[in-house]
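Quick one: structure below, then a few questions.
When the chains are written out, they are named A, B, C and D in that same order, and each has its own residue count from 1.
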Amino acid sequence: MNLNIFLLVIMTLAALWTVMARSLLKATMGLAITSAILTILIFRMASPLAAVFELSVCTGLITVVFVSTISMTKPLTHKEIIEASKDRLKRFWYLPVIMILAAIGLCFLKIPGDIKPALSTGTMDVRNVLWNLRQLDMFGQVIIIIAGALGVAILFKERKDEP
Amino acid sequence: MSDNILILPILIPLAAGLAILATPKKWRGVKEAIALLATLASLGITLLLFGKSLFYSIPWAGFGISFSLRLYPFSAFIIAATAIFGFLTVLYSSSFLFKKDYAKLFYAYLLVSLSFITGATLSDNLILLLFFWEGLLVTLFGMIALGNKGAFKTATKAFIIVGLCDVCLMVGIAIAGHMSGTFEMSKMNIPIMGVGGIAFLLMMIGAIAKGGSMPFHSWIPDAAIDAPLPFMAIFPAALEKLLSIYFLARISLDIFKMAPESWLSYTLMTIGAITIVFAVMMALVQKDFKRLLSYHAISQLGYMILGIGTLVPAGIVGGLFHMVNNAMYKSCLFMTGGAVEKEAGTTDLAKLGGIGTRMPVTFACFIITALAISGVPPFNGFFSKELVYDGALERGFIFYLAAVVGSFFTAASFLKLGHAAFMGKLQERNRGVREVAWPMLIPMIVIALGCILFGIFNAFPLNHLIQPSISETRLHGESFAGFPTNMTLVIVTVVVLVGALLNHLYGVKKTGNGLGAVDHIHYAPGLSWIYKKAEKGYLDPYNLWWGIINVFSAVMSWIDKAIDWLYNDFATGVANGLAITLKKLHTGSYKIYILWSIAAAIAILVFLLKAGA
Amino acid sequence: MPSLIILVPLLGLIILNMPIGNFMRRGAFWFAIALFSAQVLLAVFHHSLAWTGKLPPVDALFKVGFTIDHLTFIMFICIGLVSFSSLLVARHAMGDEGELFKFINLLIIASVGMSGIVMVKDIFSLYIFLEITSIASFILIAFRKDVYGLEGAFKYLVLSAVATILMLTSIALFILVSGDTSFSTIGASLQSGNRVIVMLAIGIFICGLFIKGGVVPFHGWLPDAYMSAPAPVSILLAGIITKAAGIYTLIRITSAVFGFIEPVKAILMLAGTVSILFGAFAALGQNDFKRMLAYSSISQIGYIVLGAGTGTALGIAGAVFHLFNHSVFKSLLFVNASAVEKELKTNDMNRMGGLSYRMPITSATSMVGFLSTCGIPPLSGFWSKLLILIALWQTGHFAYATIAVLASVLTLAYFLMMQRKVFFGKLALGLENVKERGAGIMFVSIALAFITIGAGIFFPVIYNNFLLPIKEILVK
Amino acid sequence: MSLNLMQTFSIFGFFIILLFIVGTYCLVVTRNILRAVIALEILIKAVTLLLIVVGYITGNVALAQSLVITVIVIEVVIVVIAGGIALSVFRHNDDLDVRRLQNLKG
């Protein structure tokens, strides 16, 4: 449990860093780190398959997508970065304060005592659930991936009439 | 006879209207022919149905909303009157609108309206009635919008005013249906107390607004100028009054079983009295033929509301009889106005004058109907007004007084109108005026003759049309046919009429020019000695009198304008202000939208946790 | 059987994209027509089977099963109608064959998404199909890649992602209290204590659906997206996507899972009323044709939500009928708006005027659409509003009923303004050469106008056969 | 709920709410399209964590896993579309400033 708390703290800090980081690339790195810690957490919650997905897709693929998008857009000059970071500081320094306040507030918030989670007794394999009970989800995933491919084909293509 | 024949008078004009819409514009005369045939056919059917009692019902929308039509003496009489006026107006319009672009649309709207009015009159189900009633709103809008440049604005105004009142009607019907558990009018019987009173009030607003009572009248004078004239001759003058008073009589006598002691009776009488006096005051200062008539159309509605509001037999019979009479002479008056407009090209009284000799038939019709509206014996207006006076006097002297004052000014303003328009010197610009064509004359002559016949032989309409329409329990077996029995009232009326005449002559003498041209006295030689006698006194009182009237009229016109402002500027101003504020709130930044969403989500969650957990 | 409704389009999509030369590309339009017809036929066929109670053995592919009732049937009809309209308009509006081909692909995906939304019985599957529809919409809005379209798509994407996150949070909470994601299990477990968590979950889910449906004050993205999207996409978005994704789902989830409990009803009615007024007033101040229609959509969505909020059979019947009517007349108005936009190259109403002389059919059909929106009898819009009003009245919500009626006057006001600025009056300068659009678009307008009129005239038939049976969703 | 599970849920809930705050704040305050997308990503991470935790304490690990896998797939597609939109915006505006995406308003 203590390890979980430690990981959660690290993950929150990573998320904070992601948000407050100076450059977009660093933010992307922060997101990847957040995602990686999440992977460990998911793994510790007895969900190895989901953890593998999180690691490969979120930590890997999404970072690649972000980095490639960033590289296709014009990076800021150094001077601009410094200008922007001053400005960012002005806007973002409230966030840690809010988070600390929220954390203090949450400590006083009592979770209602009458929560009765519906405990499941049956132990089912995730593959069984995924392929035998939730085929509709798989069907949806197929369609969504087709839609994503079309989106890439439409949105990433250079406009013909552009100089 | 099978009961489903009742659908025919609704279907025939509707089908004809749609057929006219489908006729190509170039087919001259076809649309007129269709309209004439259709109105003639429905006239025939309604006359055939006259005196019968039929009931036809098929299930329609569920929830006790059935398509049920009921023919009984009252509705039979109203649909017959509708058919007659429809036919005459189409005949009149066939000449009046002959080369106008919008004739096709006008006929279509007119026929559809006739169908809807017949439907509303026949329907025994309040929801069905509402259906036809709201349909009329659309055709009303369409017909006014056909007119000249300002017509669209006027149409919008009419639509909004009448539409708002129809909403009241809708709510009233909903309450009434809720209270009695049915929408069938013949099965309803609601006590006038508490919510029932509110329901009646709301339905009453819907009913009298259709007729154009104060304070829902302000679109009618505007429409008089902007809308096509045949529209004025048939709608505000005749059919809407028929429908409005029919429905008012139905709700106050059948559905709600009102007793004279009820406060609503006083409400009705007060509205009636105020409408009579205020509208006629407005009419008195008008300088346009059609506008003057339109204010009288409002004022005369007051007599009917007053008559029905008295809830005593004489008043009710008088109110209904006045409804018929008014429909006759008012539509004829508008038709004469149309004839003048067609020939002289204007209805501005300052530009008319002396055309009576050029248009003798029109003038004769005008005289007859003007005498009728002023309540001169032996024309029909006299008899119905006497009955209303009788009823009003029974309920309170103040109401009687209002009715008599209204009568005085009605007479005065028609004397002025007749003088200014038809008598006096013929102006240069009116040299080319000639009598109008026969399709326009025939309706006028027919109606004018009707005014005389309904006056002299008033026993026929009273015994065969009006009295059967009212249940026996209301009438106590009385009959009101023949010459009025209360001679005091007759004498007062005659005195008032003579007073109006004296007043008029004096005013003309005093002003000496303008609308009341001086010379007119010589064209009416029988009256000149009265004029000479009147000259000797009353000079200053007259001035004073006129001053008071002017102030009063100014106040009235200010109130009129205030109501106008409320409808025209205030409402739109508030709406526009809100619209602009909302426009500014949408800054285009997605962040603002997210913040709205978060705020609303928090509000919803707090509410749910408070209310549900 | 029901799974065919979503499987056939997937199959079609795969066939369409097979590398078998240019043949499929050229025939894509007719292929899509055939596909949609097949889908509608399947729905109708299935519906008639459901009537007689003889269901063929449901195929074994999807174990979860689907809901097929009168409500889904009406939704299928709406989806089919709007998809057809959008497709026909796209054929005239899209620049070249390649674009049309991509558009058709996305249209099919969107229609699969919507068909899934209306059929599923599982809250997580519902989320997936919502996402399918949304993703197809993002791409469709940004289709032309002009700066406005991208902006609209971006705003929609952000707000929709927020909605997604809210819904997923709620789904997690539902799993916590019920252990499963199917409607019936969750619905049954809501009674067993856990009030705080349950209320929290219900509230969060409703907020998510409000964002998807564009209910005030969650509506910020909606006018921007409607306005910036290409013409056929506006038709699709306004006609069906937001209705299926937000409003239908709201009705279904509330009846099948949450139950019409008092606080939920109160929220629905309040949100509906606010939307009605807000949308109507905002529409009053617009100069842009499509943006005004978008705000009008918000206002009409308000009526649907208000009707559904009564929680009675009549109110839901009214809401569903209004949803159907709104699909028809709002598609009609957007079709006409696209015709006007294409001819005039602008949406600014101040630069229009007198178009009824040049585009009589567009003008007349718009008139039908707007009269129906205002609820003028005997057009279909009158009946649906009447049903909603009667339902409000029966449940004793007199204030809401009054506001709903008065808002009709506002509706009338802004549509009269629109009609006068665009179609009536004097022909504006420079519009002398404007012509009516091609036969395809005119056909769509006329067909939709006839549906509006027909649904009004044959209302009793529709009411007894299709609307009244909807109350079965209330019986659990 | 046994004390242990309840405690787990509380602790995870605490951090999940903090993550929500981080993501929402960034979404509202940022001026860069890509950073807004990153904010959405953080929000989705929080939800993913919530799903897994809920699955863990109710014993529905298999169900939670299959849901999370689907969520991840959808998340990727959304990020790709958002990236595409950002790229297209960049081609028009030459920057990624969301303040320049306020042309549609009123």
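Here is the rule we go by: a residue touches a chain if its C-beta (ideal position, glycine included) is under 8 Å from a C-beta of that chain, and two chains touch if they have at least 3 such contacts.
What you are looking at is a predicted structure, and each value in this text was computed from that prediction instead of being measured.
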Lowest number of touching-chain links that must be crossed from chain A to chain C: 1
Centroid distance [mean C-alpha coordinates] between chain D and chain A, Å: 6
CA centroid of chain C to CA centroid of chain D, Å: 27
Where chain B and chain C are represented by their mean Cα positions, the distance between them in whole Å: 44
Chain centre separation (chain B, chain D; CA means) in Å: 67
Touching two or more other chains - residue numbers and ranges from chain D: 27, 29, 54-55, 57-60, 63-64, 67, 70, 74, 77, 81, 84-86, 88, 98, 101-106
Overlap residues in chain C, where contacts from two or more other chains coincide: 124, 128, 131, 135, 138-139, 142, 145, 154-155, 158, 162, 175-176, 179-180, 195-196, 223-224, 285-286
Two or more partner chains touched - positions in chain A: 115-120, 133-134, 137, 140-141, 144, 147-148, 151, 154-155, 159
Every chain pair in contact, whichever chains are involved: A-C, A-D, B-C, B-D, C-D
Chain D-facing residues of chain A, complex: 1, 4-5, 8-9, 11-12, 15-16, 18-19, 24, 27-28, 31, 34-35, 38, 41-42, 45-47, 49-50, 53-54, 57-58, 61-62, 65-66, 68-70, 72-74, 91-92, 94-95, 98-99, 102-103, 106-107, 111, 115-121, 123-126, 128-130, 133-134, 137, 140-141, 144-145, 147-148, 151-152, 154-156, 158-159, 162
Chain A to chain C touching residues, read off their complex: 112, 114-120, 132-137, 139-144, 146-148, 150-151, 153-155, 159
In the complex with chain B, residue positions of chain D that touch it: 24, 27-29, 98-99, 101-106
Residue ranges of chain C in contact with chain D within the complex: 124, 128, 131, 135, 138-139, 142, 145-148, 150-155, 157-158, 161-162, 165, 168-169, 171-173, 175-176, 179-181, 223-224, 227-228, 285-286, 288, 291
Contacting residues of chain C [partner chain B, same complex]: 154-155, 158-159, 162, 166, 195-196, 198-200, 202-204, 206-207, 210-211, 217-221, 223-224, 261-264, 266-267, 278, 281-286, 371, 376-378, 382-383, 389-390, 393, 401-402, 405-406, 408-410, 412-413, 416, 420, 424, 459-460, 463-464, 468
